[in-house]
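Next up: the structures, one after another.
Shared chain: subunit A. Partners: subunit B in the first complex, subunit C in the second.
Then we have the complex of A and B:
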């Protein structure tokens, strides 16, 4: 339970479960998911209950397969439940016929992803995602959808050009991602430079060069908190040192967007006559 | 899995105990807050209020509870059934879930001593987590309004949407100043930073933040004067027009849970939490001191609850454009100005009590607004036109 002492050279690369299956299992899982998504998409077109049921069944089989591949520990099981819910929400998002249902599916996906982030101790990212996406963005979507709601769905609301290609591309993308994640390679998990505060870390610096000094167990809790990666203060420090340029750029983009929105929202001057 | 459950047991049981406390107390509180509210309302309006069931009508709440549970479940023909059922429970779940990171009694920041009056202590982002979860409580209302498949319900839901989005911004901004000075998002640490004399309580040097926070938090509870989503004269019942019996009560239990949350947050963030002059802090304290701290906190919370209940009978309802104008043109600039003040004080290393000068900000804002209004009246505009020049769009 105690995260200390941390050896910065041996930080765990992936803090999740070790995936216990092999590549063919991943392939099977991804293909199952892709087929399920395809069937559910088709269900939107032809409205067949058979198709929807078989799609849901395939998804359930994929979920069960995923369950068998993880260690049966409390943390892993809860995390897997969140993951399956996230994927289900995503599939509901693209296959729902009703726009409001789609938005709720998106909300489910975002919230479940937040659950996964919580399980990984990424509290700040999880809470920020909840506020920004689930709390603000999707609520604005719902706001607009309710204003624009029609009694009957139009043809273009449910028409898909080619669900086969969509499902195939998504499946191959998903497989590529799963493959690359299952072999993490040399990804440096933490890039934190305490020696150069308020400066950009030099681009192209060697891995491990910008590592924090090893924490001393005799430190106070506050000092230790700054060493533990994932804590809010560490995140803030990293954001305003390592990623200062990106943060400033994002801030500028938001400022431009705000000014643009104000300009667009202004009413034209009323004619005095 | 069972073995890992057993392994976690020493960490798990205090959390489960705290959850049990919350689950037991919150519905009870909700029931009795309706009772207190009816009594207060009665005294405000020179009536007696409920006084038939039990001594002083104390069992009225229980009788209401039993009656509502036994009511027939009416499900209108035209609703979207699944979402119609999910909405009230989602409303209550989010309201209760926000209590996870809320200390409801003295919690020492070393998390060693005493009973943990908290489900999840030591979460680094406590207050942010609270905001995140309470931002979800709009879903219950929106989904309920939409699933009712009724024009009035949808209008209530849309109003609630707009209100939530607008008031979330000043809510978050007002907390930032407090967080910046405490140096932590952790609620226990924010309370710990207010230990010492009574002048260390945030309310004395962050009065603007407290005003903005309390106003916007009140708006998020959908209570009068901010109860546009359910205002009876315009929308029948608003988002809950089609709900009856226990489903209706779940919505209202959620509303009262929100009031409890808001009162707790106001007491914890701005009124010193469990600190009181002469009372030692919770770390390494005896049980008596802990209980006294609990009593102090609950007394402060009841004070805020009373203010909220009295406000309902003191203020008239806003018009919708006034509601939006208050958030975007009143509270957000005030919160920003307060934040700038905090940043200046922190950067220059000045004593934080200089911030009490920010108390003139709302007075200046009110003076500015009133003078602008008077100027437009002096130009010969009617009252309605005067409102329009202020940017308040009328009913056209």
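Then we have the complex of A and C:
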């Protein structure tokens, strides 16, 4: 697949500094969060105020711990604020009794995650996520809620199925994820990927034919910023060259889903008899 | 972009995924289960974008666009299904649909819902346009159809004569 006369095992390194993990801190954070989630859930939503308060306190401790672990620069502080807000919105989403409050928690979580995406310079994805999730999904959700929700809270709004097992499963999953990303050397150094020449952030003047530029520590900050995949035009270039077929398929899937939604949401026909 | 930033954001994506998992496993309201799924998807697309930036190419962002597309399709289909399920049993409780799972499990004692004995009906597409096999043709459409067919025939004749002329020319 590699059009250039380079051994694929010997591609140039893009960034190769050694990775120092802080495993124990993150694992402690995960356990704190899992306990907080269970205490806020309980059997059925918020049966004891004491347990809920202790869960909120645990969450605050976890947030503080996460906050002290980052360097005190503006960018990382803002990113951490967005992250904590996203997790808080998510926890509010799973613990709210009223479905509308849960939807507000979901919107908070998704909008804060979009803030993080903006800071990762994925502007198009962040805007599209806001429109699709926080716009379309929440609106449709509220319509369905108006259609189907009873005035009083129902049994199934408050009662939960096996919160202990769910919290344990999710915590152990998160434990595994955190372990696998924070052990030293688990995130590999990045090599230049030449199999999709138009998808590189800095593809050079002749993508796929000449060697693209490689970041160098001696470069200035502006030159290094060229290697951030942040341009929407770059996303479009990649989308309509390397991934053209996939994008067409995605459009087809959208069309089929639209027709399916129209068919499913119709009123059933009345029998003439 | 340094490593600890990557690591923090990957853990954030994992946390969002785990929150969605807890919501999906515990909640009993159909709509909230579906919103939990969306939370899981947003955690996944966060991961993809972090790796896109780390690897300095757009491949992760393209995958995130795919995730977004599928999430939009899923929202449309799932809510349409919720509406049609609600029409059948007038409840949003997922345990009302227990009979779709294994039948050997004990039944929920309080699982009686109004409208359970209703006749089942399946969705149908409304036919559009004229049925070409339907006779007689509605009188309002008769004139249009004749006009169109005469136009078609005259075009056919024209093309036949022109091809005959060209054949004669070729022979000559």
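Following the convention adopted for this analysis, the second predicted complex is superposed on the first by the 185 of 273 C-alpha atoms of A that agree within 3 Å, B and C clash if a C-alpha of one lies under 4 Å from a C-alpha of the other, contacts with A are read in each partner's own complex, and residues count from 1 in each chain.
Rule of thumb we're sticking to: contacts are C-beta pairs under 8 Å (C-beta built on N, C-alpha and C of every residue); 3 or more make two chains touch, one makes a residue touch a chain.
A quick note: this is a predicted structure, and the numbers were derived from the prediction, not measured.
Once the two complexes are laid over each other on the shared chain, residue contacts for A:254 go to subunit C alone; subunit B is not touched.
For subunit A, the partner that touches more of its residues is C, with subunit B and subunit C as the two candidates. In the superposed pair of complexes, A:140 makes contact with subunit B and with subunit C alike. Of the two partner chains, subunit C is the only one that A:83 touches; subunit B does not reach it.
Contact with both subunit B and subunit C is seen for A:124 once the two complexes are overlaid on the shared chain. Counting contacts as defined above, subunit A residues 124, 128, 136, 140, 143, 147, 149 meet subunit B in one complex and subunit C in the other. Against subunit C, in their complex, subunit A makes its touches with residues 14-15, 17, 19-22, 26, 29-30, 33-34, 37, 41, 66, 70, 76, 79-80, 83, 86-87, 90-91, 93-94, 99, 102-103, 106, 109-110, 113, 116-117, 120-122, 124-125, 128-129, 132-133, 136-137, 140-141, 143-145, 147-149, 154-157, 159-163, 165-167, 169-171, 173-174, 177-178, 181-182, 187, 190, 193, 196, 199-202, 215, 227-229, 234-235, 237-239, 242-243, 246-247, 250, 253-254, 256-258, 260-269, 271. Against subunit B, the residues of subunit A that register as touching in their complex are 1, 72-75, 77, 100, 104, 107, 111, 123-124, 126-128, 130-131, 134-136, 139-140, 142-143, 146-147, 149, 221, 225, 231-232. Partner subunit A is touched in their complex by these residues of subunit B: 1, 4-5, 8, 11, 83, 110, 123-125, 128-129, 131-133, 135-136, 138-139, 142-143, 145-146, 154, 157-158, 161-162, 164-165, 168, 172, 185.
In the complex of the two chains, the subunit C residues touching subunit A come out as 1-12, 14-23, 25-29, 31-32, 35-36, 38-39, 42-43, 45-46, 49-50, 52-59, 61-62, 64-66, 68-77, 79-84, 86-87, 91-95, 110, 119, 121-126.
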